[in-house]
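Here come two complexes built around subunit A, the first alongside subunit B, the second alongside subunit C.
Here is the complex of A and B:
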C-alpha cells in the first residue's frame, strides 16, 4: 500500500477539550499544526460533560486555591502528585476566565459574574462545608465549553483532519517520538504524520466496561497506541464509577443535580448518604457515594422490582429551578428513564465514567517514563493531556468538575511546553525510520486477510462483560485473578478478529476492529494493575483490604503509596513514588490522613 | 419491552462495491434493552458489519447520528423504536452528497457555519476577570447556544437544498444570531453586513421545517426573524 507522508511542526491527536486547548496555543504561536480527530471536533466526548468546571473564583462563597488543592489531594486519596495538583488549582481561575473571554456562555450570578454551584468533595476551609466552586453553563457545561474552544480555533485557523483515526505512534531507535500513522476514514488511505512534537489528547477508554457513561468513540486510542509503542501506563486500576448513571441505559446524570439539592434514596425512601458521609452527605466524593449505593443494593435496599437501583430525588426542588439549572437532565430523564424528574425520582446506578490513570506525564504535559534511574524522564517529542494522560492530579479518585479543569490546564500547559521547546530549537525533525508505517500496515493487512475469525462485536462484548464482572465498584481477589486470565484469553482472541466488510470507503467495521486493539491494551493494564494492588485506595476497593486501625479505609501507605506502571510487553509491572511535595513554597505538603466526608 | 423483530428498509450505497444506491429490506431481532433506533442500528451492525453510520455519545448531545427516519430528519439515539411505523425507512440526510450508506458529506454544511464567523468578537483588552453579563442578558442566549450541529434543520430546508452554496441555512443563521444576541460581542454590524444578501439570509421563506425537526427543540426561524428585525432597526 502506498503511504503518503505529511510533515508538520506538531501533530495533535484528538479534538476534545484538551486537544482543542492545546491546538489554540500552537496555532496562535504560528506553529504548523495538524489536529487529527476521529469525529468532527464538537462531537468529541467533552461535549457530554454536564455539571461544571472547578475554579476557586469565589463568586458566591469565599474560596481559594489552597482549599481546592486540599480537596483534590484528599479526593485522590493521596495518590495524586502534589506538584501537579498545586499547578492545576492555581491555574484554574486563569483558564476559566479565558474561556469566558472566548465567549463561553456561563450562567451568571445576580451581579453578572460566572455562576458557581456546589459539587461532590469540594469544600471550604479544608473539609468543613460545601463550597460553590463549579462554574456552570446550566447542565451543559461541556457542550458550551467544547463549542467555545472549537469556535476559537476557527478564529485561529487551526488545521483539522476530520474523521482521521491515528493508528500507531512512531518512535525511532532512541525512543524519541516522530509522529503517528493515521487512517483517513473516507478513503481508507494510510498516511504518516511526521512532526517535531506529538500531543496525545485522545480522551478516555470507558468502553472497556459493559455499562459506561462514555461515548462509543471512547476507545482509549492514545492509551493503546502508547502502550504498544513501549510507553508504560500509570495507575490504570483506578476507574471512576459515577454514582448516577441512568439505570439500564448508562447515560450520565450530573452530580450537579445533587449540587442543586438532589437527594439519593433507597427503597424505604431513606436518605442513606447520611449514614455513610455525615458531613457532606450526598455531596461526598464519587467513590464514596458509588460504594454506598452498591452496598445499599447488595444488602437488599435497592429500588424497583429487581431491587437493582436507587433513586435520585429532586421532586422537592421548584420546577422553575429545574428548568433553569437542569434542563438537559430533565430531557435525559424523560428520554432514557421515562420519568419527568419534576414529578418523580430518577432511577440510577453507579456506572463506569472516568479513567484516572493513563499515559504518565508531568505538569508540563511532557510524557515521562523511567530511564537511567530517573522515574520521570521526558520522552523527547511526546506530550499528552486530558483524560488519556495521568499528570497525576486525580490519583485514586477524581473530584467532579476537575476533569474539565484538567483538560484546560494541561491542554494549555502541553501546548505552551511544545511552543517553548519549538522556539528554543530543542525540537528537531528527526529522520523517519524506514519501517515507520510497518506496524500499522501489518494491522490493516491482517484484517484484510483474516478468515474464519470471530466478530469484533463478540470479542468486544466478552471484554466488556469480563471487565464489568471482575473489576467493578468492589473488587475481590479471586475475581481479579480470574479476570487477569480471562482478559489474556480475550486479548488472544482479539488478534484473530475478522471483518466481513472489506470496502475502502468509510469502513466502520475496520475502525471498530482497530479500536478494539486499543481497548484490549487498556483492559489488560486495568486488570493486571488492579490484581496486583493489595490495598484499598480511592476507587480501588478490595474486600480483603478492609478498614482497620492500622490501615484506615484499607489504605496501606507503608506498602502502596506509589504509582503503578504497567508495560504491555510481558504484562510487566513497575512502580514509582508519589510526589508528595508541592511545586512551590506557597503551600505546605498536605499530610497523609484518613479520608472521611 | 421484550424481544421483538423489527422490519427496516435502509438506503445502502458503497461506492467501492455498488454501481448505484439501493434500498435494502432487512429485519432484526431486538433485545428487551434495545429502546432507541440507534440500539437497533448497532444490533443490525453486529449481524452485518458493512452497515455504515456515524454515532458517538448516544444521548443526543454530539450530533453524529442524524438521519432521515420515515421521511423526517432526527437523531437515531433519541428516537424510540416502538411506535415507529414499519418498515422503518432510513435514508441519509437529504440534500448533501452521500459518501456511504447513511453517511453524508457535511462539508457544505460546515462551510456555511464557518461563513458566519462563529466566534465571539470583542476587541477591548481582556480584563483580568470575567466580563460581566446580567442573568437577563445571558438568558437571551438560551435556545441559541445549545445547537449540536447535527444538520437535521438545514438538510430539511428546501431553500438549503436549492442553494446550499449560497444560503447559510438555519443552523448557521441560528449561530449567527447567537453572537448578535451576546452582549459581549462587538461585531453586530459586520455580522449583519455579512448576511445582507438576497441569498445568505433572505432565502429563508419561513417554511419552518427546521423548527419541526430540531432534536434539541430550538427555533432557527425565530432567530432568523430576529436577524431581519435587527437589519430593519439598523436601516431606520
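Here is the complex of A and C:
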C-alpha cells in the first residue's frame, strides 16, 4: 500500500494544554510544526478543569516557590523527582503571567492582581497553614486557558491537523524517533508524519476504569503508542481517585458540596466518616475519604440493590441554598443519578480521576529510558509533556491544580528543548526505515480481515470492570494477582476484536477499536506494576501494607523508594532511582518524612 | 451539500464527560433515525462551545436558536 508522507521540523500529537503550549514555543521560533489532534483543539479535555492552576505569586497570601516545592514533594509521598519539582515550582509564576499576557481572563483582586484561592494540600511555611495559591478564571480555568493558547497558536501560524489520529510511533534501528503514522478520519487514509522531533501531549488514560471522571477521549493513545514502540512506562500503578463521582456515570461532584455541608452515609444512614476521620470527617483529604468509602462498600454496608455505592446527602440543606450555591450539582444529579438532591441523596463512588504515571521524561521534556547503565538516557527525537508524561512531579499522588501547571511548564520546556536541539543542529531528519508504516498498516488490515471476533464494546467493558475490581482505590494481594491473569486474558481478546463496519470514511467504530489497543497497554501496565509494588504509597494503598511504626502509612522506603518501569514486551518490570536531589546546589532536598496532614 | 453522518457522530465526542454521556444516549436512541434536516441542525449545534451545550441540555441556559430546539429536547430526554 502506498502511504503518503509529510515532512515537518516537528510533529506534536495532542492539542490540549500541553500540546498547545509546546506548539507555541516551536511556531514562534519559526519551526515548521504540525499539531495532530483527534478533536478540535478547544474540545480537548483540558476544558474540563475547573479548580485552577497553582503558582506561588503571593497575591492573596504570602507565598514562595520553596513552600510550593515542599507541598509537592510531600504530596507525591516522596516519589516525585526533586529536580523536576524544583523546576516546575520555580517556573510557575513565569508561565502563569505569560498566560495572563496571552489574554487569559483570570479572576482579579481589588487591586487588579490575579486572585488566588486555597486548595487541598497547598500550604504556607512548610505545612503550617493553608495558602492561597490557585489562580482561576471562575470555574472555567481549563477552558479559558485552552482558548488563550489556541488563539496564540493561530497567530503564530501553527499548522493543525484536526480529526487526525496518530496510530504508531516510528523508530529506526538506533531507537531514534522519526515521527508517527496517522489516520485521517475524513478519508480513512494512513500517512506518515516524518519529523526531526516528535512531542507527545495526548493527555490521560482514565477510561481504563469502569468509573472515571474522564471524558471518552482519554484513551491513553500516546502512552499506548510509546509502550508498543518499546518505551517503558513509569509508575503506572499510581492513579488518583476522586471520592465523589456519580455512581454508574462517573461525573465529578466537586469537593465544594461537602464544603457546603454534604454528608456521606452508608446503607444504614450512618455518617461513617466520623469513624475514619473524627476531626475533619467528610472533609478529610481525597485519599482518606475514598478509602473509607471503599471499606464501607467492601464490608457490605454499601447502598442500593448491589450495595455498590454510598450516598452523598444534602437534603438537610435548604432548597434555596442548594439552588443558589450548588446549581450545577443539582443538574448533574438529576441528569445522571435520576435524583433531585433537594429530596434524596446522590449515589456516589470513588472514581478514577488522574494518571500520575506515564511516558518517562526529564524536566526538559525529553523522553528518557535506561540505556548502557544510565537509567535516564534521552531517546533522540522524542519528547513528551502533560498528563501522558511522567516528569515525575506528581510521584505517587498529585496535588489539585498542579496538573494544569505541569502542562504549562513542561509543555513549554519540551518546546524550548526542541528549539535548542534544532538550532544547535543536533536534530537531523534521519531517513525513514522502509517498514515505517508496517505496524499501523498491519493493525488496520487485521481489523479489516477479522471475522468471528468480539465486539470492541464488550472487550472494553471487561477491561474496565477488571481494572475497577482488581486495581481500585484499595488494593488486595489476591485481587491483584487474579487481576494480572485476567487483564492478560482481556488483552488476548483485544487482539481479535471485530468491527462490522469496514468502510474507511469517518469510521468511528474503527477509531474506537484502535483506541482500545492503547487502553489495553495502559491497563496491563497498571495491573502488573500495582501487583509488584508491595508497599502503600500515596494513591497506591495495599491492605497488606498497613501503617506500622517501622513503615509509617505502609510506606517502605528501604525497599520501594524507586520508580517502576513497565515494558510491554514480555510484560517485564524494571526500576530506577527517585531523584531526591533538587536541580540547584543551593536548594536543600526535602528530607523523607511521614506524610500526615 | 450532503452531511457525512460519520463525521457528525464523531463530533458528538466532547470535552466534558457530562456531554459524552448525554450524547451516547442520544446516539443510541435517535441518531440513526435523524432526517437530513435534523442532521444539519445537529451539525450546527455541535459547533457551539461545550459549556453552552451543557447549559442548554441541563436547562440552566435558554436555547435561543430556533433550529437547535428540537435537538436539545432530544438530548434532554431522561
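A few remarks follow.
The rule is simple: the second predicted complex is superposed on the first by the 498 of 597 C-alpha atoms of A that agree within 3 Å, B and C clash if a C-alpha of one lies under 4 Å from a C-alpha of the other, contacts with A are read in each partner's own complex, and residues count from 1 in each chain.
FYI, contacts are C-beta pairs under 8 Å (C-beta built on N, C-alpha and C of every residue); 3 or more make two chains touch, one makes a residue touch a chain.
Because the structure is a prediction, the values reported are computed rather than measured.
In the superposed model, A:155 lies in contact with subunit B only, and not with subunit C. Applying the stated contact rule after C-alpha superposition, one finds that A:505 touches each of subunit B and subunit C.
Look at A:112: by the touch rule set out above, it reaches subunit B but stays clear of subunit C. In the superposed model, A:144 lies in contact with subunit B only, and not with subunit C. Residue contacts after overlaying the shared chain place A:101 against subunit B, while subunit C stays out of touching range. Residue contacts after overlaying the shared chain place A:457 against subunit B, while subunit C stays out of touching range. If you count the residues of subunit A touched by subunit B and by subunit C, you find the higher number for B.
In the superposition on chain A, the residues of subunit A contacted by subunit B and by subunit C overlap at 39, 42-45, 47-48, 140, 143, 186, 215-217, 249, 251-252, 328, 331-332, 335-336, 503, 505-508. Only residues 38-39, 42-48, 140, 143, 163, 185-186, 212-217, 249-252, 327-328, 331-332, 334-336, 338, 503, 505-508, 511 of subunit A touch subunit C when the two sit together in their complex.
Partner subunit A is touched in their complex by these residues of subunit B: 14-17, 33, 35, 45-46, 48-50, 52-64, 78, 99-101, 103, 106, 110, 114, 117-120, 122, 126, 128-135, 137-138, 141, 145-146, 148-149, 179, 182, 184-185.
Those residues of subunit C that touch subunit A in the shared complex are 4-7, 9-11, 13-22, 24, 49-51, 57-60, 78. Listing the residues of subunit A that touch subunit B in their complex gives 39-40, 42-45, 47-48, 57, 97, 100-103, 105-114, 137, 140, 143-144, 147-148, 151-152, 154-155, 186, 215-217, 248-249, 251-252, 328, 331-332, 335-336, 455-457, 499-501, 503-509, 512.
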